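Working notes, structure below.
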């Protein structure tokens, strides 16, 4: 019998807002409190007017003793924060679900290289479980600390892992061209997110240098045993929500589009949040807007014998808060869809 | 004990999509079927990919005998359809909630003048109840046929009715300048809704000729007894959802901004979906996006002794499907928030 | 014979970028240099990549002796800068065209009240000429210092002045409801201009408190002799460029829509940049995008005997840099359209 | 000495609008007339209000005798029109510049396969010259009929041709992932371009089936002698203008990022409209908005030894009308920049 007490650290970010949005309707959550390192006492709805009459509570100071009394602590902070913040809480009671990148990379040198920050302690990182729900359910169930996947890795991995695992594509030449809405950049104003310069502008950024590259490669190895170096690039789309990842790889001889579709169907048949698209005419991010779905598609270009693999997610939901709650559901033995069974907005 | 059977006619429009989105999570709805006049047999999710695995059912042919077995029939069709479609169903069992404009205007000559279509039969129009929930709850409870309010009238009326009723403003010079996202224009492609010409373009349309003018004037008289002619204009905002209405009127001598705020607070204190804003810095349509809230605000310009009155709604929710479900809840004795208690998306 | 040397101070703002865009193609400008207070030596195209191979020059330090050698100095800085910067340059040779608000308000107390900053010296303000080209051509021709109008005042005044001057409307109840694209907020990142919170959000701001209110009232009195207090509000549209102003006022008895149209036609018949719209179906900001046009329209609502008056401009062109160059043309005896005769982009 | 008479067929499309925008300011064009197959007599500015006072002329009926008197005839029609329309005009006097796809593919079977329409006569197609200005200047100079390149091919080819020609990349595994604003879909309303479903939606379309695939492959062979099959996909970005193409290919051993940059610099050193970007932080479509520039960039991912190659254009300018005028300039011995030397709008 669950009646969960949930704490959110970093509620003022967009990941935090989405946690609040879904947990508000989660039937097994009886208490949700918001914690902050810098804005103690601020009434949350004075900062985010859309929460008027919904979250008129003051932000609380982060305090370990208090936090130990919660069943779950979600951390939704920029990278470099939870590496220091979480270690004292590990094993003290609450399930910890970290939405930042601090506990994803098992190799700390990779973390230092790609994040250019000090890593979390190795022994804590070793305990963390990568929270790609559909591929790691058993480990998530037992995990004390979940490293919730990045938005881009979630979109890319859910669509390519089945083919690598089944040996249908050649992972040695894998190109992932990803595109994201601007909310992925967070709520901190900068020139990159300044409306007049972002609107009506499609741009590429961090060329070949995005920190999600090692995360994707690690996950490929973790779930398929294949070690490979990928080409991965990220683009900024002038819209708020959504990621579409287009991946390219040579297919093995004789593999057909039907084989790819069948492989996706088989892989995800028991997984409510991954939907296999068969109609190529309707593949866009709006299919999943506001929801926890990841929709996947694959097709072979027979002229070149390469597969075009496509997936879409809402970066703030399946790519962040939604998957985090999905993982919480797994940890507490709830149906994965609990509190997450919403219809995409579409428009 | 409710366990409602619900039919939707006109599900393929945007109002219909929102009905589906909310009714999917409505705890008292046990059955929801979709009806169509022109696309019988079409699998709904083949038309709207975001509903894959959610509404993979064929659209059913409209048939009166079948429809009589539902507890509620929502009609979400263009104007001029339900005037002919609904009369045979009136009194045959189901509660009828019409989202079109066909049953709103009591004076059929007004309907003909502003809609330029043949009106519904007078005796049916006479039975219809105007579904502005917060102002007509008692009548809605008993109604067989509800004329769900238009999107603009909902936004405008909820913010100005309190002041007219309490005599705080002078209704003889009332200007309502309204702005709407493009979804209000429906799902039929046209030059007005063509992306390249709508995007990055703010425009005014139907100058002084919008069919919501007589609806607003009728409602003012209905709920306050005041007969007045308003100036009302509508603009198209390059965004999908949301209406913001800015209204202007002289205030009576001695009336203060505090009086206006107090009047709003008092009027809506028991109404969960109307929120009174006191922080003028956060008034935009994103406050209510995807939700059934209407947020209202008023302030006096002391230089001119005129009030600036502002309200925001999601035109597809409180301005259409959300209010329709709110009315259904009232009709069946459910809490108004049943199935509608969602947090606005904000971004 | 002109061959103008032009200096721009504040080139890194959006007004400055538009000055560069138009002056680049101005046939009478032989030299254009960019000055800065804080970024001396920075190669301009390294800051704004779109100017690669076009403006690969370093920003120069502001220096009075140097500036005296230019024919024109445009200042496009935030308010509160040129009040201090320009006085030593007045009368030293160059024509000064200030795009900020520092020299617009003749009454310094108004400046202090609405801008909340220290005003420029009264004797300099006294010499400044308000640069609403179509209404002040003679004075502009002789001016040493031009106070280029604000974006909202330009849009509003060009559409309402003719009617006030000719006594067709009653200025004692004049409501101006204005809407602007986000570029009007400048290039400094803030929460108000943060893409994720600005996109898909239509908002109202500075309710009854915008600093353009006294500017509009002063100009009404200056050009028509009428003293009146207006109601003026401003909204933020999720698009980059464009202002649409909708104004409302009672019309005098017997005045018709044709009278209004005729008044506009007559007023602007020799003015190439003000176009009178007669087709009410195409009134949006895209009509003038990227150009120096102001398109105006008026229509009477016969139910209420009030006029609806509409105008559209590109806030960065006719509302800033374009009008500034138009004023320069007037000062140097060039045709007003020199360098400004471009076709609007529309899409 | 030129003083060109120019005819435009298909002026009502977006390509046509851009031809008008640039030709309006072209110093060597003394006459520009607009022709139509279906809207004879329609005043052009009544259709496109932004051209009020600029193009208040009636559209003329297409008539071969009349057309023969022009120096240049631009055709900007959907594919399948000029294949029939242009043959009688070939060799009759005017230079013909066709913006459609009807004369691009030399192999008529390719045209039939990819366009699913009847091709133009082989002998006319044989005479046509592919108008990728920077790569085909000599032939363009002599051409009677120019097949103006497609928008995607222009963006892709300008960035990848130098590397294939110089043997720096391996063309046997070339992936081009292209993204376009919605204006590329033209001005005909459809569900794909319906604002509410296009806005806030990033989508992929025509997966592996875009008709620009054979055009790109043909041009690679034409300009480098290399026969290869490419993987090419297209995405729709919720913005109006702009294409960004991201291409991926293995580099030859020992090739460095500096080699790639140097190759681009060398290739385009005499070409004013192709700019080589060296600052990877500013690569977006807004760099070139409204202008004829194509900005290119390349970088090697040393982890995988693959190149990431990026280019941006304004699809309506360098991808259509701008390049067409650039070709006209070449044909008439004018500097390529004549009438096209405008600063990008950026915002």
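Observations on the structure shown:
Labels A, B, C and D are assigned to the chains in the order they are written; within every chain, residues are numbered from 1.
Note that contacts are C-beta pairs under 8 Å (C-beta built on N, C-alpha and C of every residue); 3 or more make two chains touch, one makes a residue touch a chain.
Since this is a predicted model, take the numbers as computed values, not measurements.
Comparing contact pairs by residue number, the interface of A-B is reproduced by C-D among B-C, A-C or C-D, since over half of the pairs coincide.
Residues touching across the chain A and chain D pair largely coincide in numbering: over half of the numbers involved belong to both copies.
Greatest centre-to-centre distance from chain B is found for D, with centres as Cα means. In this assembly, the C-alpha centroid of chain A lies 39 Å from the C-alpha centroid of chain D. Centroid to centroid, with C-alpha atoms defining each point, chain C and chain D lie 36 Å apart.
Separating the CA-averaged centres of chain B and chain D is a span of 46 Å. Among the residues of chain D, those in touch with two or more other chains are 14, 183, 196-197, 199-200, 238-241, 283, 286, 289, 346-347.
Residues 173, 175, 177, 179, 181, 196-197, 199-205, 207-208, 213, 229-231, 233, 235-242, 244, 246, 248, 250, 280-281, 283-286, 289, 299, 301, 303-304, 306, 308, 310, 346-347 of chain B are the ones touching chain C in the complex. For chain D in complex with chain B, the residues that touch the partner chain are 14, 182-183, 185, 187, 189-191, 193-200, 238-240.
On chain D, the positions that touch chain C within their shared complex are 14, 17, 20-21, 24-25, 46, 48-54, 183, 200, 240-241, 272, 275, 277, 279, 282-283, 286-291, 295, 316, 341-347.
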